[in-house]
Amino acid sequence: MDAILFFVFAALAVGCAVSLVLQSHPIASALSLIGVMGSLGVLYLLLGGEFIAMAQLIVYAGAIMVLFIFVIMLLNAGAEPPGPKAKYLKFIGAPLLIVLMGLIGYFVQTQMGATEVVKFGSKSDFGSPASVGMSLFTQYLLPFEVTSVLILIAILGAIVLARKEID
Amino acid sequence: MQLWLIPILPFIGFLINGLFGRRFSKPVINAVAVGSVALSFLWVLKCFMAGVPAEEPHIERYFTWIASGDFTVGVDFMFDRLNSVMLFVVTGVGLLIHIYAVGYMSHEGGYYRFFAYLNLFMFFMLTLVLGANFLILFIGWEGVGLCSYLLIGFYFLEKFAGDAGKKAFIVNRVGDFGFSLAMFLIANHFGTLDFGAVFEKAKAMPVEHSAGFLTAVCLLLVLGATGKSAQIPLYTWLPDAMAGPTPVSALIHAATMVTAGVYMVTRSQLMFNNAPIALEVLAIIGLATAFFAATIGICQTDIKKVFAYSTVSQLGYMFLGLGVGAYSAGVWHLMTHAFFKALLFLGAGSVIHALSGEQELSQMGGLRKKIPYTFWTLMCAGLAIAGFPLTSGYFSKEAILGAAFEHHEWMFWVGVFTAGMTAFYVFRALFLAFFGEYRGHHHPHESPFVMTIPLMVLAALSLAGGLLFNIPHWLEPNAPPEHEDLKLKIIAIGSGFLGIVLAYYMYVVNTNLPVKIANTFSAVYRVIYNKYFVDEAYDSVIVHPLEEGSRVLLWKGIDAGMIDGTVNGVGHTARGFGKILRWAQAGNIRGYAAWVAFGSVLVLIAIGLVGGSK
Amino acid sequence: MDFLILSLIKLAVVMGVFMTTLAYLQWIERKVIAHIQLRVGPNRVGPHGLLQPLADVIKLITKEGLVPSHVNLVFYCLAPIIAVFFALIAISVIPFGGEFTVPFTDIHTSMQLTDLNIGLLLILGLSGMGVYGVALAGWASNNKYALIGGLRSSAQMISYELPMALALVAPLLLVNTLSLREIVNAQDGFYFGVLPKWSIFALPFPQVVSFILFLIAAFAETNRVPFDLPEAENELVAGFHTEYASMQFASFFMAEYANMVTVCSVATLLFLGGWHPVIPDMLGGNYVASLLHLGAGAICLYHGLLQPARKWDKYTLPVFGVIFILIGLVFLIPIVQTILMPVFWFCAKVLFLLFIFIWIRGTLPRFRYDQLMRFAWLFMFPVALVNLLVTALMVALF
Amino acid sequence: MPQLPFPSAVPISYYLILSAILFVLGVAGFIYRRNIITVFMSIELMLNAVNLSFVAFSYKFAKPDGHIFSFFVMVVAAAEAAVGLAIILTVFKNKQTLQIDDVDSMKL
């Protein structure tokens, strides 16, 4: 069962990612990214990360991507015109990425090849909101506070940047 | 017993008044300022009722402040017999003076600022008294210095006030410098700053073996004490400090802050006991200060200046007491002095208030009828400071002089002579102010009760304080009662009487005698009147060379030349590198990304080759 | 397999009831608003227009789903599906009642499709996803009214999700769990035997404020009056579904009503103690349902038989009266009582909240857009924050 | 449940491989797409890939730390999205283009 779910949603994620790269229209890319996020959320659930899966759904898919779509609609961004500049990227890009992929895969296999299998719910509830919150507010309290400050700064920056008149 | 509440309460008062006081009405500000101090006084009372440990101090450790290696300094407060006395003096007298200030400052601007500073001072002073290690004490030490600076310069619109503040601050720096050096030595040598541990180790060191080190530490501490407690050679700031409002002079520059040095030395008596040389120095400094300050006090014409110099000289007494090993007597005098000197200043303030700002003795006179409360209370204070029998000053001064007699006889005689002079100049001031006929042109009016009631309380204390609180017995319950030497007492009392009588004769009966004397010994008079030209000497010897040196060498030479040059040089080099590296900035983001990917590939390959992944 | 079958049965039941509710919610709304506005409302199709929803459904299905030529076809067709999908799926974690054993068997189950221990988060996430339906619809129909409607709705929904989430967190502090079932169980019992221990009354800090905030935010989330700017017909013809027709149009409406039901259920579960009775059993809380139905039946019979207002009444009302009385009698059977009373309480509370929704629609005018945003950020958000802080403080202290 | 042709559960390495694939796809999107917004979304894709591996490792060690990290990644991503989109808006306002290659005024 785990395997089926994994393969289904992994395939979904990869498919959506590919479509993100290939689609020429931003909205299409955004929707496929949402697809990726959704399927990743399911995979998180498989990995026992209930809280993080929901956070993925709420924060990423629910808020950030809405922002993206919002902006795309606002700017009424159309499809990309064909004909890339910077030709050399075409040639070095693809092989480079394939090599990179291969290397990572090689390392993963050599390092983690023979690790245990993922069984849903086999581990204790380390991913439950309770435990995540516990370590978030004890061990990682300082980073948490710092992030809140970061968010505040981001809000200010966004406001300053997106003001109507730059005076 | 939650000692931390004692200093925190005034601090809260400070925060409230300092932050929002501008919008508050005066009653609110009074309530906050006085109320907070009253609360902490009550808390002190509660702690006292809870019982004061006789031998081992009660220590509360709150949290570790500094931890570097095995050297740690905690924020710890302690409570024992010694600082219970100090706590009562600080909070009690402080409370009275707060109440008094409500009346005195009622016409002043910056009302909330004044009370905020006053509360802040209480906070630091209490921290100083409660601190259980040298560093906490030092925090209080510096804090009270800051507050004294702020309050001396309270009327910052007048230049002399600002200058006086700066002077106090800078002169204190010298003392603090000595204090910090002493702390460094202690930390370096004993590896701790905790009073208990330090004194244990200090006691453990035999005198002959420890002499060098301990003497150095103690002398540095003495330097610090001379700075804070206005002793030779660092006393010059205190008379100028009278530029501040009178309650400030009473609270900070008479009752509490200037006695911090005495408290600090007493606190570390175990260390001083093993450093006889330092003690000797302390005694001599004290004695000299007492004497010279008294001589200067004789010729001052500003009522507050007179009392300022008498403060210096009384502090000298305390140091003398400490120096001859009679710590408890010193603390006793500290307390009684807090009573009658605060009273003297508050009374002077009341006079000044009555004459709407007039401080010159020459403009007073004959106020006896006009402001009776002030007159009578001030008389009590005068008797106390003159050592009139059974007043508070009598007991403490007797104790000190007795100890001095056992130590060195000549110290006793000098002390007695100084006592006589003290009585003389204090009563000179009082007679000039209250007897004869009125020479001023303001219309004197008695101060409101909010000012006179603290005066009365303090008068009662300075009369009965010696009988009520037997500090030596409190501090050393099991010390042998020193034998009563009647002869000495008689001599001391006699000198006091002599001073008073002489003052009465010169300034009430035969008022043109002083002028004659001044003319006959005009040279001496001028020298003394100008305070032995000490300030001028300091200026020409220390201040001017410093200024010149800083301007020419430090600013023009080092700052402008070396530092700026270096900075600019760095800038130029960076520019040069930038020129070279600029080609990489193609401005094509995707190109950058490709390069990053390429780099990561290289890194991965490298890891693979090295086998670092295994 | 047993589990699967059971779930399938539950699914069938829930979906059937849910869909019917959605259809009839329409009718109820029209009726209530009609009476608020002193009209009769739908009364042609069937007695009292009771068959109106059926007629509507048939109409919408049989209509031709025409697709404008200028739309972006994929997203145009995708949008309503997204909307209705995320709206309906939320019902799957909502519990309608406590556990019970099916009579005459030993199957012990709970009145809920599935009990996640993060159910509340799931609902939040799904409601967040619902935005895409509207936004895409607006963008894909390639029409300025629709686009503006879509933009508005997406902005509005993001803005109001914050206060809503904050308002939800406050009661969670009291019950400290995320599983909806446990949330409800934590609100069991009564103070002094009369005042139910719902979060809205619960010590140390009654959650009245957050309840109100949540309701307001819920109005905005479901694009209801006074926050229905995405479909403000007087400025944007019909907002994001201007270009839609037939089933696609209907699915948007279904989504809206489903969302209403969902938020009302969430409010009930979090603030109003879910299926726990309003009146304690020893005060006869178990007979409230029977009494209500019997009373309604009596009234129907009275009006039908003795003084029928309209021609048909003398035939329809008695029938209803009999039906009501029968239901009331059914509720008197002990075993049915034990199983159905919780469901009754739950539905009663939800229907009450839904009635408030409709009531407000019949009462309030529509906000202006800037007012809407200012209200969200300058009123709702700070108040929710303060409320949350106070609650946290109270919980920490007591 | 009938016997599947493949094991009923997959090892963690599969998840890591998946995350690697997604990451590389993100890089590809970054390199090949020219629409700023799409490029931005490719970055988000990379972040998601990294999150996946975080969560996978968190499963391996049965500790929530990985979740915490990915949570922080999300927060940072949110902040980044806010600022980044604002920047994109400003760019569009000033240059009327979304083509990333037209925004190279920093070049010599």
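Order of writing sets the chain letters: A, B, C and D. Residues in each chain are counted from 1.
Convention: a residue touches a chain if its C-beta (ideal position, glycine included) is under 8 Å from a C-beta of that chain, and two chains touch if they have at least 3 such contacts.
Please read all numbers here as calculations on a predicted model, not as lab measurements.
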Set of chains adjacent to chain C and to chain D: A
Most heavily contacting chain pair (counted by C-beta pairs in contact): A-D
Where chain A and chain D are represented by their mean Cα positions, the distance between them in whole Å: 4
Distance between chain centroids, defined by C-alpha means - chain A, chain B (Å): 64
Euclidean distance of C-alpha centroids - chain B vs chain C, Å: 73
Two or more partner chains touched - positions in chain A: 51, 63, 67, 74, 86, 89, 93, 97, 100, 104
Multi-partner residues of chain B (at least 2 other chains): 588, 590, 594, 597
Multi-chain contact sites of chain D, meaning residues that touch two or more partners: 27, 31-32, 34, 101
Which chain pairs touch, all of them: A-B, A-C, A-D, B-D
In the complex with chain D, residue positions of chain B that touch it: 582-583, 585-590, 593-594, 597
Chain D-facing residues of chain A, complex: 1-4, 6-7, 10, 13-14, 17-18, 20-21, 26, 29-30, 33, 36-37, 40, 43-44, 47-49, 51-52, 55-56, 59-60, 63-64, 67-68, 71-72, 74-75, 77, 80-81, 84-86, 89, 93-94, 97, 100-101, 104-105, 108-109, 112-119, 123-124, 126-127, 131-132, 134-136, 140, 143, 147, 150-151, 153-155, 157-159, 161-162, 166
Residues of chain B that touch chain A when the two form their complex: 588, 590-591, 594, 597-598, 600-601, 604-605, 607-608, 613
Chain A residues within the chain B interface of the complex: 86, 89, 92-93, 96-97, 99-100, 103-104, 106-107, 110-111
Residues on chain D engaged by chain A in the complex (per definition of touch): 1, 4, 6-18, 20-29, 31-35, 37-38, 40-42, 44-45, 48, 51-52, 55-56, 58-60, 62-68, 70-72, 74-83, 85-90, 92, 98-99, 101
